[in-house]
Amino acid sequence: MLKECWKNVQDRTPLVHNITNYVTVNDVANVLLACGGSPIMSDEPEDVEDITAICGGLNINIGTLNQSSIQAMFLAGRKANQLGHPVLLDPVGTGASRLRTGTANRLVKEIKLTAIRGNISEIKTIAFGQGTTKGVDADVADAVTEESLPAAVAFAKNLAKRLDTIIVITGAIDIVADAGTAYVIRNGRPEMGRITGTGCQLSGLLTAYLTANPEQLLEAAASAVVLMGVAGEIGWENMLPGDGNSTYRNRIIDAIFNMDAETLENRAKVEQM
Amino acid sequence: MLKECWKNVQDRTPLVHNITNYVTVNDVANVLLACGGSPIMSDEPEDVEDITAICGGLNINIGTLNQSSIQAMFLAGRKANQLGHPVLLDPVGTGASRLRTGTANRLVKEIKLTAIRGNISEIKTIAFGQGTTKGVDADVADAVTEESLPAAVAFAKNLAKRLDTIIVITGAIDIVADAGTAYVIRNGRPEMGRITGTGCQLSGLLTAYLTANPEQLLEAAASAVVLMGVAGEIGWENMLPGDGNSTYRNRIIDAIFNMDAETLENRAKVEQM
Amino acid sequence: MLKECWKNVQDRTPLVHNITNYVTVNDVANVLLACGGSPIMSDEPEDVEDITAICGGLNINIGTLNQSSIQAMFLAGRKANQLGHPVLLDPVGTGASRLRTGTANRLVKEIKLTAIRGNISEIKTIAFGQGTTKGVDADVADAVTEESLPAAVAFAKNLAKRLDTIIVITGAIDIVADAGTAYVIRNGRPEMGRITGTGCQLSGLLTAYLTANPEQLLEAAASAVVLMGVAGEIGWENMLPGDGNSTYRNRIIDAIFNMDAETLENRAKVEQM
């Protein structure tokens, strides 16, 4: 699956419309170019429907949402739904403010989402509608560990079934699940958390992979997660004395740029659950 | 011309007001510092007239336009016109949406532009008023190749004459034209297209060169295009195993930072047509 | 003081809310992660109070202010004041436009600021309420040099006393002053001025240090300034042939990522005045 999904991105050059935060937007654009896709950014309500119409997929990231971009997310999302384009939601910080939680919840309700990617805290907020629910989510741990993995996989599958979408939970162990199948991925490096925006970058990659692989969406999502993790490992191996998180950021994107299908497959640590 | 234009930028430290997209704005700022200029960014309508007034030139880039920044473009553009400052337009994505096409067309009509820089598709949209005109632009190919070069040069000169501005078309072969003269430039690397924002960076450079060289605007524009191309070549020669598009971005800006007039002249591949 | 302030940032992982410009925001985020802190960006009025409430400190930077973000600055500032969080102001470009000057002056008046960081020109505008006062500020030179240092230190202490805040003036020589004590810091490199955003990055660092060191705010501010300067020196020492300002940016953030308390203390050039 990895080789095929990777090759389809190379061959089809998916054009991805990104409504994303201004913090990591440059890295998202470069990672989309690195993987073989092509990025367009637009968050003006009057502009987004036209832009989404010429793209193949839509990446919605609420990291620095504002009144205007929120409106744009719904306009673009509805247009993408009409056109049958895959739509990914990255609910950055949902649970941390009422505006973020409310916006993410409304997007989940009103837009048909192909995939939702977040950390366990954000995905739990998606599941339970709010971020401070202590009672309801007592059965899902706050981090995905080897111990909590079976429960987290069940949680992801259930949520995927209820919302009819692919759920991607990223952390030390990543989970990519639809209602029936979950891929568990153990690639990546803890140091990726010391760079801003590796999650946003992955959401860009995911959208490109979904766009280029409509016939195998779950496998496409898993492939994008493996790609990001393997690139994080290769980038770390390429670190020289004196290098830190700023250079590491470059080396990860560089590793995606230089990836080949064999390397991706040979280094993948993915199992089906 | 190259040495003199380059030296004027070093000596005069042109201060450039940029109304530009949030995707590549950091690179535009660093490339302006690298070339010997100085950047200021402001896109708030209430702020832009004061900011333009203390600068020497204005760079308008519609890459992530919004209702507020569009208003700012016209306010700053008119102010810059009153003050006699050079104004460059980078019509990113014109032809891709009605808002972009309409905004670019209005800017061309209402603001006196010193130069317009875009790829062939964007410049054709500027010329024909819309992006999907199949009939009208049948005589101009969709890419500037050795075969289509004479027609493209004629097209650029005609457009420059009609709009009374300098036309800069960038691609595998670059054209810098006014009504009477065109410079054709063959520097650069195809891999520059795998980095987000090399076009935006060039528009920043162009504005700095126009600002510092009021007595030779066409030569200044050609010099900026040569500079970007030569930096792209040097940056690529400095790539090490494992480097990709993210590091390449840094190496190009670094090459501009380390440029000297002799290197620029020795490596330039420029001819007059 | 340096070792303790540094260690407190490592141990306490200060969470900093940034309302900052879109030019250098990615570097601010990465420098906060590099130093041991954690960044959140939000500038939407409806979002900022909730976000500030979950953070430990607030960094307000007016570099690309707009009507919406100005409103957010006051809402977040008042909320942070209510919660007793440290608030830093970086009045980028105050004096360059009426909107910037007016906004900075209103922030100084209406928000209790823990520290204000700017270059000498910006801090003089803060002191005198406008940027073009030729008469009033005749006693403070336009650059802090060894000759003007005693007058500049007196100016900083007086302003700190009048505004009841910490004044941080950065340049070739840096001054960190409250009403009674000033630290004079001679670390750093002139080449840092050829990178966009080293000032913004320092303001991020300052906020993290103030947040993690409530019991010694002046020392925390001085430590952050030393850290930025030492990182600028180490970053420059790590430059290779062909490297320029873009790579230098990465190497400075990398140096902060790799800093240890001993290096910081051994390289510090700080004196009390």
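Order as written gives the chain letters A, B and C; numbering starts at 1 within each chain.
By definition in this document, a residue touches a chain if its C-beta (ideal position, glycine included) is under 8 Å from a C-beta of that chain, and two chains touch if they have at least 3 such contacts.
Just so it is clear, the model here is predicted, and its values are computed rather than measured.
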*Can you give the rotation angle that fits chain A onto its twin chain B by Cα atoms, in degrees and rounded to the nearest 5?*
120
_Suppose you list every residue number at the chain B-chain C interface; are over half of them used by both chains (same) or under half (different)?_
different
*From the C-alpha centre of chain B to that of chain C, how far is it in Å?*
34
_Quick check: what residues of chain C touch more than one other chain, meaning two or more?_
22, 26-27, 249-250
_If we count contacts the way the header does, which residues on chain A are in touch with chain B in the complex?_
22, 25-27, 29-30, 33-34, 39-44, 46-47, 50-51, 54, 68, 234, 238, 249-258
*chain C - residues contacting chain B, complex*: 21-24, 26-27, 63-67, 93, 96-100, 194-197, 242-247, 249-250
